[in-house]
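What follows is a pair of complexes built around subunit A, which joins subunit B in one and subunit C in the other.
Coming up: the complex of A and B.
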């Protein structure tokens, strides 16, 4: 059984290098798959959609990319149970493709990561995200400890979860909110939410728990050298912090 | 065959000259006609207008800039090409270098702030990209007018400039790690947008901007956005519409940014350079800036000792029927020129057009062969079978020096003993709320400071930004900018010295060793004695400060004609960037006081 991980390159992707690097540093057998090579995706066991502005985010963030030829294979794979991780723009694409929250048929969006509020503009801010479900609820988080707190960077213009009230109820009661925004000490309140996201949502998973769409970039705070409060004397090149999410992902791919 | 077939249109040139649509002076026009032995064609006139412009030729500033120190142990490439290069250190048996470029985009940003600032970022990124480097960091130094009135035009300019820098830098995925901003009423009608880009390249993979000695017969490849009428000298274009009854195009010199295309173009170019290095081929590459296809190809070939022959019909265009002068000198963004041995051209075309699908990324974007490098040192353009330009390439690319008069005149700004009330608060909290003292967070929060995952100190956490740009290596690069307009009102020389001092201090403050400087010199009208005197005084200050610190300037840019409608110059603004090297990013001081938290028991706050 293949354990290979595909990091998808859409035109406009911009976080591919660090995403590939963190996956490899966490033991993953990861490679890029280019948008002209959609067929190659069939050979991979898992898919990672990195951040960026795929297809220029025309119409809405992720809207065009959700219909890219590569997504046919990703959607089919997700339905089969393959692991799919979308980060930032990748998360927006998964939402537009209806893979999360996945409360309707695949391919049909029921919620959106839309423009931040208040301010309606891009923000770049250090955050923490806290695991808000049982680790085993989502295969990708299964090896994380309960209530895991992960450092990351919110760097997006459209990161606010929005949906109709009925849908938000389904999202909440179905335990689709995998991560919420939190403070450094793990406390959760409105002040920790950088973008006005409904339910304080930083990441969504689907019903089956094989797809995770996370807005903040854990891969940008994933080595000691990235940590603003790293311990003196730590190996700056060693993965840590945000890498925990990718370790758990790679563990899930290997199991 | 050359000049006999040249389409001469002296009458038309005369019309343009009468309309005052070029910036060439009467002396320069006479010199061109003498050099050519005839009246220039319309295309030639525009070509000389661009090539002999202050922007391309530094004709009023070159003599002064020669006074700056440019040598040092770490200097791999000093001023002269699109970017300077400094030696950073070794990793895994390879010597790595930092590429740095620093430019202004002031006038476009004042007229169309969002697009002007965005294309400023786009241009500086190409300057680094074309040296064969991965683009790894950005910085911006902004000078705005008095923005206290939320309805003021200055406020609009400031907002839109920040939005433009944010939109462009974020989309291409280059972290903005350093910068500063000042507010001063002297910038009310002329804001300053200076941008710095850093790149990383292995020393043996540096790509130069001249055709190498074996380059005869090499192919000239134009890559990027389809040429359109944007970015064609405003005055020239309106006179064009007068006599060519051309309604095709938009007016003026507005440049249109396309960060989405640039994102793909950058990645495709990385792939092309990797493929060329793997085959041991050293291409030449240059960014298309002022002077468009003509300026870029002429400089690329002339600096290698060659000539060029270009068929303008092969230039991919966004609209049909563009006149040859627009094709030749229009400044459509997101374009680069490569000179390549013919044997590799098909592979390079395939990477750009098929693997990275440029034609599907933006309308008619592509890589296309447009001409060849010639042994004969002529610069020739053909259009629809006619030769529209045929000149000595040396004559074209070596603008005559201008010696502005009375360089010893007194600087134009009267001495100000009183500090502006703009910078004076009634008490401590009031002072902290002043525009020049308050937090810059609302601005830099718009900039992605951490994309690429290499950021050690992001924007806003220290006086300088720090990255560890080589994966797997502890080597770090620090970057900071400085230049205080309130000082320059009193003494432009002192202000320039202080800009060097402050930029260096900032880099030292994060634990880096300063290794090089760049300057962007923003001044008034060099033809006005007082304005020019400020420029000369500032160069004095830069030279003195850099020499005393034993630091070289490796790149720079001069922006003249920054004045308001009444002809007053902006506050003299020598803006300096300092690049620092760090052997081990584990050795530097991370974080700022606010970031110290319970997670790190070793953290203490030092006051």
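Coming up: the complex of A and C.
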């Protein structure tokens, strides 16, 4: 059985290099798949949608990419149970495609990562996200410890989870919020939320737990060179905390 | 004080890439449209002199670039034929005091899309509704208004 991981390239994707590298550093057999080669996705066991501005975020962040030919295969794969990880713009695409929170038919969005509030400002700052569900709730987080704290960089203008009130209740009661924003000591409160996100949400998973959409870039805090609180000595290329998410993802792909 | 509600359109003078992308995407989805027009429509509450509103907007460099944009005041505060207005439901997300326009106390941005058929006539309401539901609006967070109906 294939254990290959596809890192999808949409026109406008810009975080693919570090995403591919962290997956490989974590032992993943990962390759790029270009939007002109959508059929190649069928050969892969798992999909990662990196950050960027796919299709220049025209209409809405993720709206056009959600209808890209590649997404037909990703949606079909997710329905079959393949693992799908979306980061930042990749997360927005997964919401637009209806894969997370996945409370409706695939292809119909029931929530969005939309304009930050208040003020619609783009933010770029270091954050921590805390695992808010049992690790096994989502296959991608299954190897993380309970309450895992992951450092990452929030870099988005549209990262606020928003949905109708009734849908937010479903998201909360169905344990779809996989990660919440937290302080460096793991404390969770409104001050830790950089973008007004409902439920303090930094990441959503679907009902089946095989799809994870996370807004902050853990891959940008995957090596000591881009993390202030280094995890493993002074080697700049040693893994830092963000790599834990990808280690868990690769473990899930191999299991 | 002479408080009024005004509807202002800011349209690109240069080719609108978003409109072209929307056209291609709608056609890809099997929706029969041949031309798409796009603009941002602002619902403003204005306490200033009506005669100077356009000039006041044009002084706001965050909203207006004279090389790119044209500003006009709409005579009606509802969509025109074949036009959809789409805006985010969560008022906290967009309610900014006047967006820095002198005299303007609130400003609500809406995406305006106008769709036309192959023969040049305005698209039907059924086509508008389909375009809205399948691409132009995320119903989870956005409301939409057509000339004759309101989608929540």
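One rule holds in what follows: the second predicted complex is superposed on the first by the 252 of 255 C-alpha atoms of A that agree within 3 Å, B and C clash if a C-alpha of one lies under 4 Å from a C-alpha of the other, contacts with A are read in each partner's own complex, and residues count from 1 in each chain.
Note that contacts are C-beta pairs under 8 Å (C-beta built on N, C-alpha and C of every residue); 3 or more make two chains touch, one makes a residue touch a chain.
Everything numeric in this text was worked out from a predicted model, so none of it was measured.
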With everything superposed onto subunit A, say whether subunit B and subunit C fit together or clash. fit
So in the superposed three-chain picture, is A:169 touching just subunit B, just subunit C, both, or none of them (first/second/both/neither)? neither
Included angle at subunit A between vectors to subunit C and subunit B, based on C-alpha centres and rounded to the nearest 10 degrees: 60
For A:225, is the partner it touches subunit B (first), subunit C (second), both, or none of the two (neither)? first
Between subunit B and subunit C, more residues of subunit A are touched by B
Which partner chains sit in contact with A:67 here, subunit B, subunit C, both or neither? Use first/second/both/neither. second
Per the contact definition in the header, classify A:56: touching subunit B only (first), subunit C only (second), both, or neither. both
Can A:96 be said to touch subunit B (first), subunit C (second), both, or neither? second
Tell me which partner A:111 touches in the superposition: subunit B (first), subunit C (second), both or neither. second
Between subunit B (first) and subunit C (second), which, if any, makes contact with A:160: first, second, both or neither? second
Considering only touches as defined above, state whether A:43 meets subunit B (first), subunit C (second), both or neither. neither
With the two structures placed on a shared chain A, what shortest C-alpha distance in Å links subunit B and subunit C? 5
Residues of subunit A that lie at the interface with subunit B and also at the interface with subunit C: 56
Subunit B-touching residues of subunit A, taken from the complex the two chains share: 11-15, 17-18, 21-22, 34-36, 51-53, 56, 121-126, 153, 155, 184-185, 217, 219-237
Residues of subunit A touching subunit C in the complex: 55-56, 58-60, 63-64, 67, 96, 109-112, 114-115, 117-120, 160, 162-164, 167, 196
Taking the touch rule as given, give the residues of subunit C at its contact with subunit A in the complex, in rising order. 17-18, 21-22, 25, 28-29, 88-90, 92-94, 96, 111, 135-136, 138-141
Provide the residue numbers of subunit B that touch subunit A in the complex, in ascending order. 163, 166-167, 170-173, 259-260, 263-264, 354-357, 360-361, 444-459, 461, 468, 471-472, 474, 584-586, 590-592, 595-600, 602-603
